[in-house]
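Here subunit A shows up in two complexes: once beside subunit B, once beside subunit C.
So, the complex of A and B:
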């Protein structure tokens, strides 16, 4: 299912909105839950059992851990400091068992549905065995809802979050229809108050939600689907094209991916906004990043935060890594020690990040490519600063920042090429041609696109760029728009709707981009 | 507090820690600097900073970091 389909937007979403308007406030969350499960069952049928099992596992383990916290607090009320420590430790280990079992339970499903075949493939390669590769269909959004489930249960374990007693809210947290398929990977803290509001569908919410959905449709139908014409040919038969054309394909694919995924997030956030539910943002103008680290704090933000909170810090501050860091701090330097701690944690983050995107070697390479870039960035940062100071190059000038943005973008294009390539042979083949056969005068622009397509693309990209620049300057574009006269507002809405209808790349001759992140 | 400012200046001297209120949100302290800062704090103040405390709100200013250290000292 795609959030861009008429089935979702016109039939599903609109029906829910109408029913929601006439539903009493106290039943609104229940309605959203029923709608979410209806959609899930429509797509994944009996696999809904796995969503239910995940939900029940985190609901009950959180309650159990909460119960242990209360019991512990009672016990430590009237004891000495030493006894307090012992009691705390006793309860912590009990809670740890519950946490580990819950994590294993949920990760086991994810492993079975997403990684079992890949694991068998690796075993077959190493041991020349013949383990049967099964045809497994995963429950819709399992990669996304599992991460949300884990974040909730870990937060309750850490007492960062209280266990939720209302099971409807936990069920909704995992299954809420706008976020089930492609995120954002919101934490429970991000959404619990939003669910509590049970807001009405106001004129403001409806208009803002629809605006956001329209903008997402524009990015997807006018830009992403049009670029797909070029991209699919290049990645299928790259050997017929020059290095510069392949590089253009990598640029186009990166733009396509951004427009498709951020466009989906516009539809997702817009859908939720209609019901007065504000979801966390997943993008913050990523192509204005000055280094790869910054890029990943602006691209798929909620996934990056998840890895930072639940992998990066726990790994870098784990006992063995801390021991090593103390040793290095005393023997070498503070910087070397923190670099090593960071490198170990980054390695874990990017191994898992690559694998999360998909069970395949190209995804692993995609992860390690970013690991190496970020690590090199961390290592050479002081050297670059020193060199700039020596050469009296100011790092605050616009031209320096612009060059940093260009450098980062080129590195991102290469990363996304690896990401999109069918397998490692294709990825390396394409990279080889880019580096050995790069001839800018031999660039073929006319693969699947004609001059009219390019004119539409340039205008559409300028619109997105201007909106991005305004957002980067902290302007709330939609709020500003809402202050304009009603005639101007409606001219803009109509221009957007007519623009999508006329210039959308759909119909005969076009192949729409499949929901890319929904497969992860 | 002075010791803390000294540590922070050692990690990134380009910030005025007495006034800066967005050390994390303004990207003055990145993840790696936070790791180095945690090591230094744990070494110098004899506290242990659990991962659950590593949130922007605890690290956005020198005052907030100092409050965190005091709270962890009390817990100990």
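So, the complex of A and C:
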């Protein structure tokens, strides 16, 4: 299923909006839940059982942990400080068992549906065995809802979040139809108040939601699907093209990926906005990043935050890492100790980040590529600062920042090339041609695109760039637009709608980009 | 309340202006403006034959959804070098089938016409409700022809090709779903008697006359359809074909001709073939009409280069 399909936008979403308008306030969440489950069952059929099992597991384990917290609080009321510590430890270990069992329960499903075959492949390679690779169809959005489920139970365990007693809200949190397929990986804290509001479909919400959906459609249909004409050929038969053409393919793929994924997020956030539900943002102008770390704090933000909160911090604060850190601080240096601590946590983050994106060696390489870049960035940062100071190069000039953005973008293009390549052989083959066969005069621009396509692409990208610059300057573009005279607003809307219909790369002869992140 | 009414009014005005704009642009971006006069009869896709270069189509296939589900002109091109076009629409009535052919022969000189026999039995007064809605598409054809902007915008730029990909399927509808058919005894299970109405017979005669006038070989075909076709229909159609001395290929009565695997080659439980079934049917028809010896293989003819280009995109579209 695609959020860009007419089936979703015209039939599904519009029907739910109409029914929602006439639904009493107290039943609105129930309606959204029914709609979400209907969509899930339509796509994944019987596999809905796994979504239900995940939901029930986190719902009951959170309640159980909450019950233990209350019991513990009662017990420690009238005891000494020493006894308090012992009681706290006792309850913590009980809670830990519940947490670990819940995590294992949910991760087991994820492992079975997404990683079992990959695991078998690795065993077959190492032991030359012949384990059968099964054809497994995963429940829709399992990677996304599992991370949301885990974040909820971990937050309840850490007492950052109260256990939710209303099962409808927990069911909706995991299954809410705009976020089920491609996120954002919102924490429960992000959405619980939004669900509580049970807002009406107001004219303002409806218009703002539709605007956002339109912008997403524009990015996907006019830019991403058009670039796909070029990208799919390059990645399929890279051997026929020069290094510079392959590099152009990597640039186009990165733009395509951004337009497809951020466009999907526009449709997702716009859909939720119609119902007055504000979801966290997943992108913040990532191509204005000056280094890879910054890039990942602007690209797929909710995934980055998840890894930061639930992998990076727990690993860096774990007992063995802390011990090692103390040892290194005493024996080597404070800087070496903090670098090592960071490296261990980063290694865990990027191993899992790569694997989360897909069960394949290219995804693992994609993860480690970013791990190495960030680690090198951390190691050489002081050296770069020193060198710049010595050479009297100001790091605050626009040119310096621009060059940093270019450097980061080039590194991202290479990373995305690895990400898109069919396998490691193809990835290395493409990289080899880029580095050994790069000839800018031998760049082939006319693969699947003609000059008129390029004119449309340039116009469309300028529009996205201008909007991104305005957003970077903290301007709320949509609010500003809503202040304009109705004639100006309508002209812009008509231009956008007609622009999408005429210049969209859809219909016979075009192969639309499949929902890329839906497979993760 | 006043505010709500105000917003509803604004929304209606917004949609109205949008529809008008889409209607105007639909007209502006039509390749062949002449089509407009002829629209209002049927869906846009079949009238696209009018946008094909004059006298380049050798085979026209007319009828209902069984045509656009069973004959892929691009496969006929690839395997035989014949240029063909499916002028078909869902639940078509025979009067429209006749009109389709009439428009077809205005700009083309086909040598063979393939007609699906199902239309002989459709009562023009009992047309399904959705048939009327297909006409809406005529006024909003922009969605179909949107890529024509390449012909009109930036016309000073020569791209060496006016290929717009708008009609690479040549009327065929690619649907590759699989829903097995189970009504294996359909040719005998349904004992209902079917009769070709006088009105339909009259239109059939008009089609025969039109073909004769234009020196076209007419071939009547009943494509595999276990949901609607019956033994009685086979008998009736066969008799009519005999009356006018027209060849009739009955894939329902002679199931061994195609050996359709109903488990894997139907898209809707036996009502229509899916793509894999269509390949079989198209190749059979290709072999059959090749034997007439009146069709040329245009694959190496430079004049037909656009067909090779269309085939390239056609294959890409199937992925």
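The working rule: the second predicted complex is superposed on the first by the 520 of 520 C-alpha atoms of A that agree within 3 Å, B and C clash if a C-alpha of one lies under 4 Å from a C-alpha of the other, contacts with A are read in each partner's own complex, and residues count from 1 in each chain.
Criterion: a contact is a pair of C-beta atoms (placed from the backbone, for glycine too) under 8 Å apart; a residue touches a chain by one contact, two chains touch by 3 or more.
Remember, predicted model here, so these are calculated numbers, not experimental data.
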item	value
A:316 touches, of subunit B and subunit C: first, second, both or neither?	first
Subunit B versus subunit C as contact partner of A:510, first or second or both or neither	second
Which of subunit B and subunit C A:337 touches, first, second, both or neither	first
Which of subunit B and subunit C A:24 touches, first, second, both or neither	neither
Touched partner set for A:325, first subunit B, second subunit C, both or neither	first
Contacts of A:378 with subunit B and subunit C, given as first, second, both or neither	first
Residue numbers on subunit A that touch subunit B, as the complex places them	158-160, 293-294, 308-309, 312-314, 316-317, 322, 325-326, 329, 334-335, 337-339, 341-342, 345, 378
Subunit B residues touching subunit A - in the complex, by the definition given at the top	10, 27, 30-33, 35-36, 38-40, 43, 49-52, 54
Touch list for subunit C against partner subunit A, complex	4, 7, 10, 14, 17-18, 21-22, 25, 29, 142-144, 146-147, 149-150, 153-154, 157, 159, 161, 165-169, 313-314, 316-317, 319
Subunit C-facing residues of subunit A, complex	203, 450-452, 455, 486, 490, 493-494, 497-498, 501-504, 506-511
